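Would you mind keeping the following structure in view while I ask a few things?
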Amino acid sequence: MNVMAVGADSERRTDHPLIEFDHVGMIYQGARQSFVAVDDLAVAVPRGQFCCVVGPSGCGKSTLLNMVAGLLEPSRGTVRYDGAPVQGPNTRVGYVTQKDNLLPWRSVRRNVGLPLELRGVGKRERAERVDQMLDLVGLAGFGDAYPRELSGGMRKRVTLARTLVYEPEVILADEPFGALDSQLRTVLQDQLVRIWERTRATVVFITHDLGEAVALGDRVVVMSSRPSRVVLDRTIDIPRPRDVFSVRFDPRFAALHEELWAALSPEIEGRGRA
Amino acid sequence: MSVIAGPMEAEAAMPAEALEADGRERRLRSRRYRIVVITTRVLLVAAVLGFWQAGSGTIINPFWVSSPSRIVARLATWLGDGTLWANTVATLTAMALGFTLGSLAGVVVGFTLGRVRFLADVLTPFVIAVNSLPKLALAPLFILWFGIGLQGKVVMTSLVCFFLVFYNTFAGARDTDDELLGVVSLMGAGRRDRLIKVIIPSSATWIFTGLRLAVPYSLVGAVVSEITASSEGLGHLLKTSANTFDTAGSFAAIVVLVVVALVINIAVSKAEGLISRWK
Amino acid sequence: GDTAADAVSTCHGQTLNIGASTAANLQYSAAYVADKKGYLKEEKINAKTVELGGGSETLQALAGGSIDAAATTFAAVVTAVNKGAPLVAIASTANRNTADIGIRSDKAPAAGADLETAIRALKGLRVAVTSPGSGSDQTLRYLVKSSGLDPDKDLSIVATGGASETVAAFARGSVDAFVIGPPASYIAAEQGDGEVALKLASGVAPSLDNLLYGTIVTSERTLAEKRNPLRCYVRAIDKAVRYIHDHPAEAGDLLRPQFEGQMSDRQFALSWTSIVQSTPASAAIVPAEALKAAKFVEVVTGAGRIDAEKAYDTTFTKDLT
Amino acid sequence: MSVIAGPMEAEAAMPAEALEADGRERRLRSRRYRIVVITTRVLLVAAVLGFWQAGSGTIINPFWVSSPSRIVARLATWLGDGTLWANTVATLTAMALGFTLGSLAGVVVGFTLGRVRFLADVLTPFVIAVNSLPKLALAPLFILWFGIGLQGKVVMTSLVCFFLVFYNTFAGARDTDDELLGVVSLMGAGRRDRLIKVIIPSSATWIFTGLRLAVPYSLVGAVVSEITASSEGLGHLLKTSANTFDTAGSFAAIVVLVVVALVINIAVSKAEGLISRWK
Amino acid sequence: MNVMAVGADSERRTDHPLIEFDHVGMIYQGARQSFVAVDDLAVAVPRGQFCCVVGPSGCGKSTLLNMVAGLLEPSRGTVRYDGAPVQGPNTRVGYVTQKDNLLPWRSVRRNVGLPLELRGVGKRERAERVDQMLDLVGLAGFGDAYPRELSGGMRKRVTLARTLVYEPEVILADEPFGALDSQLRTVLQDQLVRIWERTRATVVFITHDLGEAVALGDRVVVMSSRPSRVVLDRTIDIPRPRDVFSVRFDPRFAALHEELWAALSPEIEGRGRA
């Protein structure tokens, strides 16, 4: 039995974690056969934690986020949010999806403003917050462009801006920086950490970049390939506030990176090299 | 404090069982759903028929609306003396031919104009013009050109289908993702390949919507041309009944039409289902 | 009980909606004459014409209250009434069938052939009628049956939908013969290289003579609600019928301008002759003629006894004779 | 050996000019294209009219097809004596009302059934059944229920439009990207928000195709109900002309119908263009 | 004037480079205004070269590949392929697009088999080559799945397989490994290099990972942000054959990485941190 305790600072309520996977399984019914994507997973994320998730491609990371968001129902077990099972779209989370799900008929500005619009934020305040956010993700001047007119990386940034702009309680982010150049990536990592430190939102952050996971996270969960299980659950004990620009030179960084790499490696080894 | 647990070893064998159980539950749920749907439909039909039967002769003059029992009796008579079969076959023949020809033409022209912008720009007004002609008013010309028999009916029916399928195919062809087309071109796809391997499958939903629209209209087209000019068919039966104030007969013919339309629609849905398995 | 009061009642410009077919048809001559000669004005009745497609539409419109009265054949009325329609014929406008039978020149019987010969000439041909169950269809079936043939086996009856459609079908050669009223019969003969072989209005078919053919029909509802205006309208129609019957040439001249451009002088003259020949002396419904019409329907439909009594009401025309 | 060159400094000022030049060329090219399109159309029309005028009386019997010159003459007469205006207004009123009501109903019901699966599953057969009734055969019942005036025409027209718009809206609503809907739900969108902010815009192409289909059919619907029963309108004019063997009159009425259909279609296209600027 | 000579081994014909941007400019006509994405660019890629392109998000990298593929016409200048201007889709190139442009109605197997199908390769050979390719990208067993049933990374791998399977003369790849975990990424990098070494295809490879660029490329072109120009064009002189697993430990690797980073940095500095 590998039940591990994770020391996390559940600031507000301590009776239950904010997000909890209670022996969750996901079985997809395929065209010809069905198969198990997630197998009896049990993970909990306490309030305010910055939790990074890494794992091989196709192991079920996006599936997990979809469950927390209530867009997907687990085949077995329960996903609990703030103590109650998730049923239907969970409006308390903000979700930066892997695919940029922008509304193609809305300009960038109106895409980013959408959640504010839905929450009844006034026009003037909306415009202000949207512009500020566009500036943050480096898209000032593209407010009137339509998604079709943006590059892949720019679209992804709009998705990010759209989620950050309304400061949700929980941010689910599925490779938000995957399509960005390393410089911009670092800048945005820095911004995200600052926002997180200010708002103390709970973050579940999927990435393929182990360095990114170590630099940003309070904790990194390493998943195995399908049927997916947790192979390592590591608390990142690099103290905060961290500077994402220099954290890589922290002595613990290399060790943690190494440890994660080791945990992940057997999962993929041999695959494709055969 | 939060607790994280990996899979319990004891449950390593779960997936296979889980699959079984899951599949069974799913099948059960979907069967239950279908039963509810069908029950609701049956109840709705029963309510309408009950009201009709009860109201006919009490609050409504049966001269205008007949009654379900009389209609059933009439259907039985027609079934017995062969009237039903002969006329249904006549209408269905016209309809099937018209539907096939019209839809085919609609798909072909739709794709052509949908992908060749110049043609579309030039011809659109003409298409609209022809489509806005009231075919009923052109009946004399139709008769003059195509006669009264099968040919006339088929022309009328295919004209009706053509436009419905054409508009939707056209929109579907236009809606095809240009990026996808570009990428497939790079792989060496010619005009024909692009059409067959990209444009047609990607327009499938559109085409099927057009076809589904066309089913009732093709039936209506065939029947209308039988109503105006014919010597057989469900439309003929309908008109004869109407002209002799035989309301039960009129409704009986209509019932047959509706049944035919439903059956054909189910066929179209099944075809669409087979083709859109990827959705 | 208040017949006397009805007789002297006058109207005060009330409006009646009158249904009529859009066809270039002299069938409605009485209504046209009533208008042109000012009889409607005399009776202070305002008749507004609503044009309708065919027999069933007309009767439905009557029942629905869209129109108050219409001109249609008594055969249609009696059929509908026997199926339960709340309709009543209240005046007669024709007492002889006015249909013509045309046939392709190469199949036509010799000129002046009798009824029997002319009908037998149709054997094996495709014969156009306007609509299944319509007046032309019924007439054809009646005549064919009367001459010992089977209308469903010995010839093929084709419904075309209307007058212009019949002309088109004959012109194209889709049919070899047709049954239709003038002037369409003459136009068809001309466009399609054929000839009008039989003019029923000329009295060649005694069994279709002296029977109630054209009538003014109303609904029981209108009868109850607009009795007085209907009475005024029937009086105007009666005057018109009498005028046509007594002064055929003048009446023809009166109507000719209305059909200018729609038919040639020859076609009009031929058609007008048919109308005159079928116009009764007055608009009064003769029960014997109604009975004969019911018999006609019985023969055509073969559906047992048809009751004519319920289908007409002579109270409007009783005091006119 | 390959050569790589950065931008030449001398051309640092290029963009502004380039933009200018590019815009001008683009405008010029598109104007030239439009001229070619319009010329081709005019030539096509001229060819048809020329052939018609020349053929009428020589190789075709003018009794059936009249001739352009006669039709123009008739239109002039009608224009002069007010016939044209009065009847066009009558038909357009019925058509506009029917189109609006029918399309609205089609959009509303289409979205409802498109997003509520149970309703759709239960009601689909009924929708098909009603749609497969030949409205012409029901004309007597229509007259009975709705009379011969504007009301009857509007009901007929809206029924025709309803189905065309309904089917397409339904397909469009079904075609909405569920992922997009999910994401927008997370942001706090309710049923209404999802409908207005996601489903409707994403179905726009479908709805417009339906509307575009409905334009000619609404006209045909209004005209057909005028043909069966009426005392005014283009259908009335048409039927009167046809029944009196006045071919020039029939075609003149048809020309008016076609022009009306084209104008309305242009309006729908413009509306679609405005709404789909993002494409 | 920064005209630089690049020594590259144009093996077959030496008279002209295979791909040549001849003072190319791209001006997009936006909804409200138009703007310059690429400004007077002149680059040439000789036959057989593995050319990596890096640059900030939205600088016009995808735009360049689209031009080579003939999917986009330059507003100014000419893109030449094998000496002739590119006109219409260039069927001599294989293109791994940034977005996974799979045909959603085809199974994975039929998607990957599509280019072979279009080239008239027989059914049996097709099946064999497709299966081999699926194996290579780690998707054996997913041949019958539809794109909808795949994860983001899996879809991207299908796109890659679809291009590699028919061994085109030129491979244009737009961040092909962006959505993959680092392990799988390394494996596929290795495979790509092996395939390239065997077929000697010309490769234009866009990436955001400078390490990847150095590890794979004969040359790295660094682009500036819009309007985009070439700020550095560097030949990677690490000898071949290289092992992508160990090349990172080559002494030249760090220096090259550093140099590229320095070239790229000013392009993004200050952006987003304001």
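The letters A, B, C, D and E name the chains in turn, as written, and every chain counts its residues from 1.
Methods note: contacts are C-beta pairs under 8 Å (C-beta built on N, C-alpha and C of every residue); 3 or more make two chains touch, one makes a residue touch a chain.
Nothing here was measured: the structure is a model prediction, and the numbers come from that model.
Participant: Using the touch definition from the top, list the chains contacting both subunit B and subunit C.
Facilitator: Of all the chains present, those in contact with both subunit B and subunit C are D.
Participant: In terms of touching chains, how many steps apart are subunit A and subunit C, taking the shortest path?
Facilitator: 2
Participant: Would you kindly count the fewest steps from subunit B to subunit E, each step being a jump to a chain that touches the current one?
Facilitator: Step count on the best path from subunit B to subunit E: 1.
Participant: Please flag the chain sitting at the greatest distance from subunit A, going by CA centroids.
Facilitator: Farthest from subunit A by mean C-alpha position: C.
Participant: List the centre-to-centre spacing of subunit A and subunit B in whole Å, with centres computed as mean CA coordinates.
Facilitator: 46
Participant: Calculate how many whole Å lie between the centre of subunit A and the centre of subunit D, each centre taken as the average of the chain's C-alpha atoms.
Facilitator: The mean C-alpha positions of subunit A and subunit D differ by 47 Å.
Participant: How many angstrom lie between the centres of subunit B and subunit D, each centre taken as the mean Cα position?
Facilitator: Comparing mean C-alpha positions, subunit D is 21 Å from subunit B.
Participant: At least two other chains touched by the same residue of subunit C: list those residues.
Facilitator: In subunit C, residues 56, 59, 63, 162, 164, 167-168, 171 touch at least two other chains, as defined above.
Participant: Would you pick out the residues of subunit E that each touch at least 2 other chains?
Facilitator: 31, 99, 107, 146
Participant: What parts of subunit B, by residue number, touch at least two of the other chains?
Facilitator: Those would be 64, 140-141, 144, 227, 239, 242, 277-278.
Participant: Per the contact definition, I'd like the list of subunit D residues that touch subunit C in the complex.
Facilitator: Against subunit C, the touching part of subunit D is residues 61, 63-64, 139-141, 143-145, 147-149, 227-231, 236, 239-240, 242-246.
Participant: Using the touch definition up top, name the residues of subunit E that touch subunit B in the complex.
Facilitator: 69-71, 88-91, 93-95, 97, 99, 101, 103-107, 114-115, 117-119, 146-148, 162, 166
Participant: Can you list the subunit C residues touching subunit D in their complex?
Facilitator: Touching subunit D from subunit C are residues 21-25, 48-53, 56-57, 59-61, 63-67, 162-164, 167-168, 171, 187, 191, 261-263.
Participant: Which residues, counting only subunit B, touch subunit D once they are in their complex?
Facilitator: 36-37, 40-41, 44, 64, 118, 121-122, 125-126, 128-129, 131-137, 140-141, 144, 163-164, 167-168, 171, 175, 205-206, 209, 212-213, 215-216, 219-220, 223-224, 227, 235, 238-239, 242, 250, 253-254, 257-258, 260-262, 265
Participant: Once bound in the complex, which stretches of subunit D touch subunit A?
Facilitator: Residue positions touching the partner: 177, 179-180, 182-189, 193, 197-198, 201-202, 204, 276-279.
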